Amino acid sequence: MNTVIFRTAAPLIVATMLVFSVYVCLRGHNEPGGGFIGGLIAAASIAVFGMASGVPAVRRALKVDPLAIASFGVLLAGFSGLLSLFIHAPFMTSIWLYLELGDTTVPLSTPMFFDIGVYFVVFGTLSAIALALESDHEEDL
Amino acid sequence: MSAAAFVDLSSLIALILLGVALLVSIIRIVIGPTLPDRVLALDLMTVVAMGFIGAIAVRTGLMLYLDIAIALALLGFLATVALARYILRRGLKTDAAAMEAQS
Amino acid sequence: MTELPQAMIETVTLAADWVLVLPIVLALLGAAALLVVRRSNNLPVLGAVLVIVAIIACEISLLLRVVSEGPLSMTMGKWLPPFGISLTADLFGAAFALAASVVTLVVVLYAEIDREGNDGRDGFHSMVLLLLAGVTGSFLTGDLFNLYVWFEVMLIASFGLIVSGGSPLQLDGAVKYGFLNFLATTLFLLALGLTYGLLGTLNMADIMRVAPEANRAAMTGIAALLLLAFGMKAAAFPVNAWLPASYHTPTPAVSALFAGLLTKVGAYALLRSLVAILPDSRDVLEPVLAVLAIATLVIAPLGAIAETHLRRAVGFFVIGGIGAILAGLSLPNVIGIAGAGIYIFHAILAMTALYMVVGLVEARTGASDTRQMGGLYAASAPLSILFFVLILAVAGVPPFLGFWPKLLLLEAGVVDAELGWVGSAMVVALVINAVLTLIAGTRLWSHIFWRNGPEGLPASGEPMALVAPTPRVRLAFGAVSVLVLGVVLIGLWPNPLIEVGQRAAADIVDPSRYVEAVGLAGVEP
Amino acid sequence: MIGDIALCLGGVLLILGAIFTLLAAVGVVRLPDLYTRMHAASKAGAVGGGLVLLAVAMVSMDAAVVLRAVIGVIFVLLTTPVSAHLLARASYIAGYHAGESTLRDDLKTRLEQSSGS
Amino acid sequence: MGLSLDASIALVALAPFLAAILAPFIHRLAGSYSAWILAIVPAGIVMLLIRLAEPVIAGGTIAAAIDWVPSYGLTLAFFLDGLSLVFALTIAGIGALIVLYSGAYLKGHPHQGRFLAYLLAFMGSMLGLVLADNMLALFMFWEATSITSFLLIGFDHNRQAARRGAIQALVITNIGGMCLLVGAIVAQHLSGTWLLSELRGLEGVLKDSALYGLVLALFIGAAFTKSAQFPLHFWLPNAMEAPTPVSAFLHSATMVQAGVYLLGRMTPVLGGTSVWTGVLVAFGGVTLIWGALGALKETDLKQILAQTTIASLGLLVLLIGLGSEAAIAAMLVYFVAHACYKAGLFMVAGAVDHEAGTRDITALGGLADKMPVTFIGAALAALSMVGLPLTVGYFAKEEMYLALVGGDWLMLVVLALLVIGNALLAGVALIVMIRPFLGDALPTPKSAHEAPVAMLAGPILLGGAGVVAGLLPDWLGHDVLAPGATAILGHAVEPHLKLALDLASPLIWLSALTWLLGIVVFRQAHAIRTVLRRLSAGLGWSADTVFDAVMFGLIRFAATVTRALHHGKLEFYLVVVFVALAVALFWPMLALGGLDWIVPTAELGDWSKRLVLPELRPYEWGVVLLAVLGLLAVLIAQSRLIAILSLGIQGTALALIFLLFGAPDLAFTQLMVEVLSVVILTIVMTNLRLDARDHRPFEDWARDGTLAVVCGAGVSLLLMLVLTGTLDTRLSDFFTATSVPIAHGANIVNVILVDYRGFDTLGEISVVMGAGIAILALLRRRKKAEGAGP
Amino acid sequence: MDYVLAALVGVFVSLGIYLLLSRSVIRMLIGMTVLGNGVNLLIFTAGRVTREVAPIVPAGLDAPAGPIANPLPQALILTAIVIGFSMFSFLLVLAFRAYKSLDADNTDTMRLAEPENAPQPPLSY
Amino acid sequence: MSGAFLVVILALGWAGITGNFSGLNLLFGGLIGGGALLILRYSIRQQGALGRAGRVLSLVGLFLYELMVSAINVALIVLHPNLKSALKPAIVAVPLTVKSDAEITLLANMITLTPGTLTVDVAEDRSVLYVHVLAMESDTALIAGIANGFEARIKEVFQ
């Protein structure tokens, strides 16, 4: 798959997919999408990247162990549920916080962090799998 | 006929056309004869499905379906690349018989 | 603005109630955290032990709560039932969860035996905690779909554990294990979809309320599907093939963990779904359950007699135990349910311990086939004692733990015998099972321990050479000894267990306290 | 009024897109060999898919949707030729040669030369 | 001692277990002297029992109960009455001697400590058994005797014969144990009590019940297996593989007598019926003759004694079956006599074996010179066995004849049987006494000399006891017989033993006849042996060979069944699952009228109306058609990769269905997942070198297809059945109403995922993470495993 | 239309089962996917089907104006899809590794854990 | 420089697709774009400035026109009753004068999307583009058409 055309076009494609994935994740609470689909698209972009540039290049680019990203996702999701311990409510009771930043109000909520956790889990895991399947020689998995 | 009604009608027509296109494109997936033919047809089918989703978006007025179509294009690309890689490495071996029949 | 039910606003959750959810969450978070440090030498095992100890602490306090106050429930996100997901612990659930954690702790220590060949980087401890999370979730959840999720958590963790090591043998076992178990959960999902379509709810307590009014044929069909799905998970005859095909392939530590936890969750799900939630359907399915129980009871020990691969043979003991549990389920009285529940508890401890002892036997003899074994009786009295005690416990010989559930089951059979053929048939099957199990067990004992060495080694000659125990093996030995001691001591003083078992069974048969704890008591159906 | 025009335009674009897509499908079935079929799939497909996306943009009359649709079109136009190229190249190198009716094949000559030398 | 009575009685049952636990450690410290130390325990128990005996002899019962499992109504209740006292004293007394004997017999054996532990544990089990008031406790001690005897019989574990003997004994007695357990449960179910002492007062509760036959069968089954009644007797001779002290202990007064004890114990509640008498007398009689003849067939001292034990057990059972006062009295006296002489003779046999190196009576002779003390012990015991006056054996014989004399013709037949049996046993006794010790000295493997004191104490003391008891008939009658018989029969029994050689009484003539026949048997022993051996060879099989045939048959059968069910073909396992699925789907529907909705009825209307082509629009039909075509494409795909490609069709179609029916999130996810599935399938296939084509054998497709279609149809029908009802939409209504105002999300599906049912999602992402770990575990090992391989 | 979908569920399930019985691990995986899809469609159908109205509350409203598609089954299916996909991925890689190690795609020849000619158990004690 | 430029483009794109051009959202879009580019930092080489809007637009215009023509062309061929006579397929080597990756890629893609041509491969030395032609009349005309059309415009844009 090592052709000039693919190699050159790939970064553009991958960047588009990544941005799109974040978008899909964040607006999931109000429209179709969400963490899972977002993470899936992000992982797909990693797969495209890997096919175009090879696995070592992707690993170098990611820096972090993909499974650690997944682990971070679970921790994020779990802790966002644990927060409700402090409001004397059951596990995973949502907490909403509205940040006033200048003219815009940014809603922060535990479900949002939860969904972001989902995003990271899916992204990390599927990237790990894709890269592991792609890699042709022993890698530090 | 109002514009809305026209859009409604045109989306119905489009859906039917696209439905036919879906069915037509699977002919090639089924009959092949070679693997690249099938891959090509599958790639086409994702495009058709994308159009189908777009048409539903128009029909229902839910523009958010657009994103599904775009995402399909994104992943369809990945699928085609993966299949092309398969063809590059394994292709002809799985198709020797089909090729003989063709030539 | 839509008004929330007043209860949802006013309910204040005590921090103490969190002992219900913390075991699951701690296990999950622990699994995630250990994944990051999986390359470290000692952090994973230390972390795992710490997390499990914390979980055990929570579960002890949970069990005490349930014993003193009755079933405890917490609904996630404050969306009171039936809208949110309820975790509900009754006595069985709490006791099983505790037993599962204890067993897991022991296995984690025992697994250090394999550390030489396993640098931990494949995330063993993460998967163990994930498995524990799945098992605990299954024991504590009060929502049928949530049960499916925990089943899958358990399943994926077991996938990881069964292949870790990656020998061809394991892969072969894993293919069968994987397909059949995934199929089982898929069938469960199918039943779930139909349940929702029929009843419009997923909360177990809610299902109890509405199920009696549903279409009887459909409800029974769904119950039959659940029976099939959970029966597969529990390894009931005839859908048990995955167990002997795979349990002997991973490392002994993993085998032990599986033997103690996996099938028991299936059995528990049967108990919960067929007896507590859908008692009407259970009545219709009773003959089927009875036939399955009898077949499992009679056929499983035959496998243990026939097998020469030690861990495969032991796998059939596990299946035989499932037969006993099914027997309890098919006897519609409190004693039978209590027997089944106590048997689950017994099996969690005893089957795990048995596999661990078998692992030590393999480590000492360097063989996995009984035909290549021998000489252990003379070489190691402690190992002999552990094995002998466990064989007796599994065969239900007093005064070890395994006797008490058998006693209850026999009594339940005798009590039920007046009502139909099921009771008497069950008594006969239980007796046959006991005798066959003892035959299989003594044959193993005779071949592995008493005999000098492999078949053909002259009786007068030197016993076969054994592998000297390493310090890690000694640690493992200590770990399993604790478990066996439990089997002995609880067997000698079973009163608390039987009391809990009887009360728990009463709550299963008459789930009004359970429903009340969930908070659905006043809701109109 | 402008809204109606946009709506009608959208409807037309939608039907056009559908027709092109259908034609692409027909082409893939009718054309004689792999490489000729690729023409149909890539061009008509890209145009058909793109037109439908534009139709959505027209009907929505929402800047955000229009922008997304345009990005989608650009993405389609970006990926379709790349995937066509990858598929064609892979097929060719794997040994799926063009049909008998092909008049001339410079790539074949080239590959034969490089393998011969 | 300041122990209370009930504490003492518990101590009697539990002290041996403590001693057993300590035995290996004591042995480590004290070597073979440990036997002297450990023998203190049974000796102390004897003292304790004697102290307790007084009130019991006076007709009282000492009871003690420890609350054990109150939630199950289970107390560890012990009681000491005349019957238990006789048994307990015998057990502890002989036990003390045996422990002592073992110290010498196994001197220097590396596992002597283990042996002593087993022996003491066995003794504790026996004592517990005879003292237990609670039927469950009785059962537990009963099983404990089986287990400990298993370990004892298999003590010489290197030899297959010992292992076989142990397994055989355990299997047979365990079957009996299960009978006892079920019998006890049924008895409790009928009577409402676990306590034998209470049950005894409820005489009719079992006998008048419809389940009497069952209960009787269960208890008799338990007793017969334990007490080696024909045809379940064969395990006993094989148990002779055990070291001699074990044989001496187990087969004189203990393990095998447990069955006799049980029958005695159950006499008040089960006995006295014609079935009881008939079964016990018939089986006891056959066992008596069979065992006695068996003894004559053997030349090995231990085997001879084992066979006589079988005979004696038959005799005891027969006497219990008769059930009259005299018969019970005879049974008790015979029990004591047998315990003394048989234990003594076994110890003698062990001493001979130990010193001379063989136990074959044809290879032994004239040992009396070299082992005079042993000979005295043997002679005392054998004379008691013959039943000479002045020995306790005499009274045993007298009493049993007394019980039958003057009865109807059936009783006379039994009497004849007894005379023959006793005569045969007398002959055997003479053989055992005379053959090894008198006559010409024969060369033996070891040069024989007198056995050590510890090994002599047993025979001499027991033989002596037999004579002493024989000299004190009043004491025997008053202190042993009366309380024992009272306990069995439930009413006071007068002691009436006295040595009255009255020539007018038929008893003396019967005794004389017995002795005479005994002498004939002794003289013709060789001829009888030859005939018996020829007969048994002619028979070609015995219960013992049948056992092997059954065991091996069971193993083969087990292997056949297991191989048939678990032969490793995943496809077969799946077929089983799907057959079960088909049954699960159709059986309830057919049984409960789940398909009635198909049949047209007045109120539901014609089903063609209900299933009239639903108002699907053309493009919707197109998508449904697409799904079906996609599935067909997968079905007919010639290669795996084509199947994978076709998989994309049905996935896309499914996504479009979701989209058409208002599920954009689902469609979105389904599409993404479907495409990604195709992608990773392709990536994996890229790295595999698979044959292009694959097809199942032709003969399977019809079976598989039928099964698949049946299951599919079942799922569809069940789903349609569910759809005939209306859905309760409480949950969704709630979600819809609160999603925006309270959960602050417009996409209700997403809100369910991250809030209402976020807990599911937490589990779900754990599954995803778990898949990542599991897959890496799979892939990471690949290189290592392949690198390590050749 | 429920009944058409219910029938379609049967087709999915049938094909899934047929493929699961095919002995080729890759085909079995495809069968598992198809079966899973059938089950998902079943849950969807069991939640009753409405046409085209997504369960999304239009901007500015507190609740949807009219009837909407049942959101709960959709959420359940989403969870099931994700889980099913995870399982599928694992089984696929397992099949891959099994093929590499055992040199077989045919389950009939995968007999390492349960060998075909396992010796008879010894007839001894 | 081009990195910063791309971040701005991506931020604007973000604002566009989310439909919210507030400063905060733009900042957020920039962050996401930056993150994406961080991942791709090794792959993005110096690319020629894309600033010459006019030339770009002219190129885009040409391309869109050709695309429409191409699509209609293919449609006509597909519907042609006698396919055999309408088709004259060939694979032609087209010599390249553009050299950079970006130029070659752009050219190849445009060729694929325009009438009757489809890029199959690029020679390893980047001197030749192998183009599949649907209905070849004359190879010189084809090569000249490409050289004077897209290739020339692309060169202008990338100068």
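Per-chain numbering from 1; labels A, B, C, D, E, F and G assigned in written order.
In the analysis below, contacts are C-beta pairs under 8 Å (C-beta built on N, C-alpha and C of every residue); 3 or more make two chains touch, one makes a residue touch a chain.
Nothing here was measured: the structure is a model prediction, and the numbers come from that model.
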* Structure fact -> chain C and chain F share contacts with A, E
* Chains in contact with chain E and with chain G: which ones? -> A
* Going by the average position of its CA atoms, which chain sits the greatest distance from chain E? -> G
* **Whole-Å gap separating chain B and chain G, where each centre is the average of the chain's CA atoms** => 22
* Structure fact -> CA centroids of chain B and chain C: separation to the nearest Å works out as 48
* Asked: Whole-Å distance, chain A centre to chain C centre, using C-alpha means?
  -> 36
* Which whole number of Å gives the spacing of the CA centres of chain B and chain D? -> 11
* Asked: By residue number and range, which residues of chain E touch two or more other chains?
  -> 160, 163, 167, 555, 558-559, 563, 566, 568, 570, 574, 660, 664-665, 668-669, 672-673, 676, 679-680, 683-685, 687, 715, 719, 722-723, 727, 729, 731, 735, 737, 741, 746-747, 753, 755-762, 764-771, 773-776, 778-780, 782, 785
* Interface hub residues of chain A, defined as touching at least two other chains -> 1, 3, 5-6, 9, 13, 16, 20, 30-33, 36-37, 41, 44, 47, 67, 70-71, 74, 78, 81, 91-92, 94, 122, 125, 129, 133
* Of all the residues in chain G, which ones touch at least 2 other chains? -> 13, 17-18, 108-109, 119, 121
* Asked: If you look only at chain F, which of its residues touch chain A in the complex?
  -> 54, 56, 59, 78, 82, 86, 89, 93
* Asked: Where on chain E is chain A touching in the complex?
  -> 664-665, 668-669, 672-673, 676, 679-680, 683-684, 687, 743-747, 750-751, 753-755, 758-759, 761-762, 765-766, 768-769, 771-773, 775-776, 779-780, 783
* To do: Using the touch definition up top, name the residues of chain C that touch chain F in the complex.
  => 1-2, 145, 148-149, 152, 155-156, 159, 163, 166, 168-169, 171-176, 178-179, 182-183, 185-186, 189-190, 192-194, 196-198, 244-246, 248-249, 305-308, 371, 443, 446-447, 455
* **Sites on chain A touched by chain D in the complex** => 1, 3, 5-6, 9, 12-13, 16
* Using the touch rule from the top, collect the residues of chain G that touch chain D in their complex. => 13, 16-20, 67-68, 70-71, 74-75, 77-79, 83-84, 87-93, 108-113, 116, 118-121, 123, 128, 130, 132, 134, 136, 139
